[in-house]
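This structure is in structure tokens; I'll ask about it shortly.
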Amino acid sequence: MESDTITVGVLGASGYGGGEVVRLLADHPSFDVRVVAAHASVGQALAAVHPHLAGLPQGGLTLEAVDAPSIAERVDLVFSALPNGTSSTVAPALLAGGTLVVDLAGDFRLPAEDYPSWYGFEHPAPAWLDEAVYGLPELFGGAVAGAKLVASPGCFPTPAILGLAPLLAAGLVEPGTIRVDGKTGTSGAGRAAVESTSFAATDGSIRPYRAPGHQHTPEIERGLALASGQEATVLFVPHLVPTVRGVVVTAYAPLAAGVDTEALTACLAAAYEGQTFVRVLPSGEMVDAKRTRGSNVVELQAFADPRTGTAVVAGAVDNLIKGAAGQAIQNANLLVGLPHETGLPAMAVAP
Amino acid sequence: MESDTITVGVLGASGYGGGEVVRLLADHPSFDVRVVAAHASVGQALAAVHPHLAGLPQGGLTLEAVDAPSIAERVDLVFSALPNGTSSTVAPALLAGGTLVVDLAGDFRLPAEDYPSWYGFEHPAPAWLDEAVYGLPELFGGAVAGAKLVASPGCFPTPAILGLAPLLAAGLVEPGTIRVDGKTGTSGAGRAAVESTSFAATDGSIRPYRAPGHQHTPEIERGLALASGQEATVLFVPHLVPTVRGVVVTAYAPLAAGVDTEALTACLAAAYEGQTFVRVLPSGEMVDAKRTRGSNVVELQAFADPRTGTAVVAGAVDNLIKGAAGQAIQNANLLVGLPHETGLPAMAVAP
Amino acid sequence: MESDTITVGVLGASGYGGGEVVRLLADHPSFDVRVVAAHASVGQALAAVHPHLAGLPQGGLTLEAVDAPSIAERVDLVFSALPNGTSSTVAPALLAGGTLVVDLAGDFRLPAEDYPSWYGFEHPAPAWLDEAVYGLPELFGGAVAGAKLVASPGCFPTPAILGLAPLLAAGLVEPGTIRVDGKTGTSGAGRAAVESTSFAATDGSIRPYRAPGHQHTPEIERGLALASGQEATVLFVPHLVPTVRGVVVTAYAPLAAGVDTEALTACLAAAYEGQTFVRVLPSGEMVDAKRTRGSNVVELQAFADPRTGTAVVAGAVDNLIKGAAGQAIQNANLLVGLPHETGLPAMAVAP
Amino acid sequence: MESDTITVGVLGASGYGGGEVVRLLADHPSFDVRVVAAHASVGQALAAVHPHLAGLPQGGLTLEAVDAPSIAERVDLVFSALPNGTSSTVAPALLAGGTLVVDLAGDFRLPAEDYPSWYGFEHPAPAWLDEAVYGLPELFGGAVAGAKLVASPGCFPTPAILGLAPLLAAGLVEPGTIRVDGKTGTSGAGRAAVESTSFAATDGSIRPYRAPGHQHTPEIERGLALASGQEATVLFVPHLVPTVRGVVVTAYAPLAAGVDTEALTACLAAAYEGQTFVRVLPSGEMVDAKRTRGSNVVELQAFADPRTGTAVVAGAVDNLIKGAAGQAIQNANLLVGLPHETGLPAMAVAP
């Protein structure tokens, strides 16, 4: 029924994140993609840029330039998958036009003062930072429901915060220093052709990158503080491994006295009971990015190592879905009053 | 000249580690493989089990059963690439016969009391543990030179100890708790066909395994104590990633006050100056397993994160060469009075 | 509504093909999986064997032994993903009980006399071969609609027949000898752990196998004859390449005089106009298995090489979906009177 | 001994082929790389562009611009790994200066009249085409020995010609039309970053490309004519598969009457008896690119399919070694009077 349809625009639709939003919305009962815009490939059909979308009606849409006022007039809600530093120049005009915005970039996730050091730019719209809700639906779904602008979390922060926050809040992990070791496939780096993510350079490669200054560091810290009320200091070291989709984070946190693996596991299980997309593994089982591929699922596990006073918390997601487009759709669902699970896949495409 | 030739036996020659010893020795000026033995494939030609060795004269050798007294009579030196728990049942008879032994398994790396808990067996030859030298040539080469039995280090401990030991010894890293996050390809799991390392199960997979009880944990602790005189407690969490060869370890250690990245890097550079196989990267550059593949090289880097009081030390090796067969050959070179570099590749096969 | 529900059993549910049937049916409006049976893992929960299905109600079903009479009493329709040679021992009892059967194995695709030479067994139920309909829905959908037993085609024959049949029928390709060169990932070999499909053996490998006697050879010949009325003799040479899902076939056929690329392309486009799952590429574009992954799509292209009198026809599918489980569901849809597209994905999960 | 040293320049040293020449020459007893030149990265140290060469003295050489007269004065022999169409603009000045030239590009492999249609350029130095020797050492080694300019064969033609030529010459395969289906990894496409060979685009991809006009088509035809005296017309269809190194060609040729698999195999075995780098597989065994990786080996197999009158000949090489740099070194060895095998690896780095 037309009156139930929410019209949607996707910015950055020529990239992997934007393409994934369009693909996932093909099965959605309420959202209808009417506008696809990007800085690259303007004037081409969407299906020419994403041939796997050829079978979809939206594959025939033409990529247009990112003209925020014009787009605001035509759609109810925008997913912005533009690069970091670009979303924040576009969102204000959309919001001013009454369009809801879900941002997949990092532009609305931090306080203004953090942007110069962690992202390398002065924030162009600091007033909107106070309006933005950090959209981790399983933790902050209530706040999202009434918002206009959602900062959808990054791929690494998603499993890190979901795994650590309940343990911090329950006092099973002590505030202090948490080291987070990340592993990711190449799709998180985006679609632009660069030698370091060519097949020849990546196959057989395992390598850290952009540490200790990766911009997801303060995002994890802030998300943990929001969710748990505890201040933790985070060191984050990401690594590239030879796969396309898939993120695993392994966090090393201070274990509270007397806490064992069962207590950690029970806390996580209780925190996410009934959540469709969170799979807390029984003690002794290990997360695997492969079991999340193609789905909006996050796998979580935790174990205690009393020898070293460490709680180890591991989480896995498909970085393009739960770590980007899928989570953005959860947030959009909440913005328009739908259950956050609406239209999203809960099973991986395996093997 | 025959009088300069050292005759060699390779036990476990049907597996990846044993096969790699034979392959690498093809270019060696002094070692001559005369005996290949294994528990599997007995009676087959070596080249039938390792078709890539068909071009080598040793490809025509027949795999024989592991009869230690008989082998001791026929060769000067044995590389044992038998599984954990098996080498220690075979080595005594070889040593009693006067044959030098380099063990690639974990059977001679720990004190006797550690075997039940970390390896799951009572050590069958504890008296030999005192004779065994831990063979990390760049740190303990002098001790190897006069030995009869060498415990060649494991794939993860090799880069972990090489990277951390000089920093601990110099006081740039404080003794305390060190978390070591490992990433490895599948070849470290050996050649036996199991579903978890099938192509279908591994492609697209990123997953932790066997933590916190992995047997390389006490080996790293002991190696660090031996090399630095400092006691550190280690938590080790390995992960499988989709590649065949390649190990990266990322260690998170307590940073001493006032120490910066340049100091860490300078310490490592000084410690390994002139070492053919150790490549200490300049500040800001990141290790990559791909740049070690096919070579006996270890890449090392370190950086300081004062925000969290952490020294991050990363190291990369080809787990079958510097992490196994190549390092065993370094040790064998030292046992017979040759320079440890003899006959070993210092350049990766890249891309 | 219960009265609209078709109850379903999946045999061979512990393997890749059976697991994929269950996964795809999760989104199906009419089929309800009630029974999962297998020869392996009997007594385990389905989600223990396929952890990615944990979120599905059917994940809680227990794998039971394959007891055909009992299963026939409980379900309306069975997908049999049992191994070649096993389906034909089970299907008769199911059919006798009034249950519809869609067979994913090769047991009902050939005349009885072909089984000893191509499959290595005497067919146990030759009378049923006459009842079986070869279920390539885009070509033989009408015949499927009234059947009880469907032989769902193999992964290689699917794109080969779809690509060649219209050209043969139109006389653009002459009957004669057609060479079909196939490339496939490892999932087509099934789930059993064998060394030749381990990650270490497969990564970096490109290799032909089981030629010239592969059992898909006579299936392609028969499918072409059925669809085109023309007799062609086929040589089929499959190759393994390092991927999990994905099949590409490249067929080299005799080009009729005066035929050019445009004529070949136009013929294919006309043959499949309006077909949801068949994507005929414009002249000059090349198929890619990646663009079919996770979907029921087949990509087809054709070009003429007058220099050598050859028509080259290439096709790509996801071997577990259009080459197995997805096509089986198309057939089941037709058996129960639904449009063949019902409940199946038309877009790849890319990148 | 200095008087035995042949001084060498490598053009195109910033790319994969040029880098591989430098790497392989590190173990060569006579060739000493003194000059590295390229169009890209001029002014950088070679080890900055190829970090895996850091351990080599030549890693310290500075990449210089391609100034042929200057280079001719400084070195005895040049390997040119410049792009197609560039080598032929540089080689004349080198040759005029008395420098021997081994060209890894396609610039001297065809008659002048073939360049516009197959390579897209008018040949700038047609006079030199008559001087150039096609350097497939196992077939034309005698002609190479006295030459000044060698056209080193392409990666696909190498196994195709080696596999087919003896069978054509012996009459086991009839002249006529041969279809050659090629499969290759990405390194053959060179080092430039393009989206189609990014990891995200290549992992999971199987796809034909540049057919039927690939420039290796006339090279195979000409090589077969030179080696066998028989004229065959070739259709060549290459495919990209997800690996870095490795080429397999599968050729479908007209089988002479009465010829069986054993006759084909025996013919190949006899043709290459005693050849270090050619491994003819026994009847029934299949080639594998993995068993050639890191080596200069070519694997060959052949079988007869009397049903379709086809001889199938398959060959596998490491495209960067036997298909490029290794074969170029074989040719250089012959140019200076050394055995062609000198300094080259005969064993793959496996697994």
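Which chain is which? They are A, B, C and D, in the order written, and residues in each are numbered from 1.
Rule of thumb we're sticking to: a contact is a pair of C-beta atoms (placed from the backbone, for glycine too) under 8 Å apart; a residue touches a chain by one contact, two chains touch by 3 or more.
Since this is a predicted model, take the numbers as computed values, not measurements.
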| field | From subunit A, the most remote chain by mean C-alpha position | value | D
| query | Roughly how far apart in rotation are subunit C and subunit D when fitted on CA atoms, stated in degrees to the nearest 5? | reply | 180
| field | Centroid distance [mean C-alpha coordinates] between subunit B and subunit A, Å | value | 39
| said: As a quick test, compute the distance in whole Å between the mean CA positions of subunit A and subunit C. | reply: 36
| request: Name the residues of subunit C that each touch 2 or more other chains. | output: 16, 185, 187, 200-201, 203-204, 242-245, 288, 290, 293, 351
| query | Taking the complex as given, what residues does subunit B use to touch subunit C? | reply | 16, 185-187, 191, 193-195, 197-204, 242-244
| remark: Note: in the complex, subunit A contacts subunit B through residues 177, 179, 181, 183, 185, 200-201, 203-209, 211-212, 233-235, 237, 239, 241-248, 250, 252, 286-290, 293, 301, 303, 305, 307-310, 312, 314, 316, 351
| request: Can you check the complex and tell me which residues of subunit B touch subunit D? | output: 16, 19, 23, 26, 50-56, 187, 191, 244-245, 276, 279, 288, 290-291, 293-295, 297, 346-351
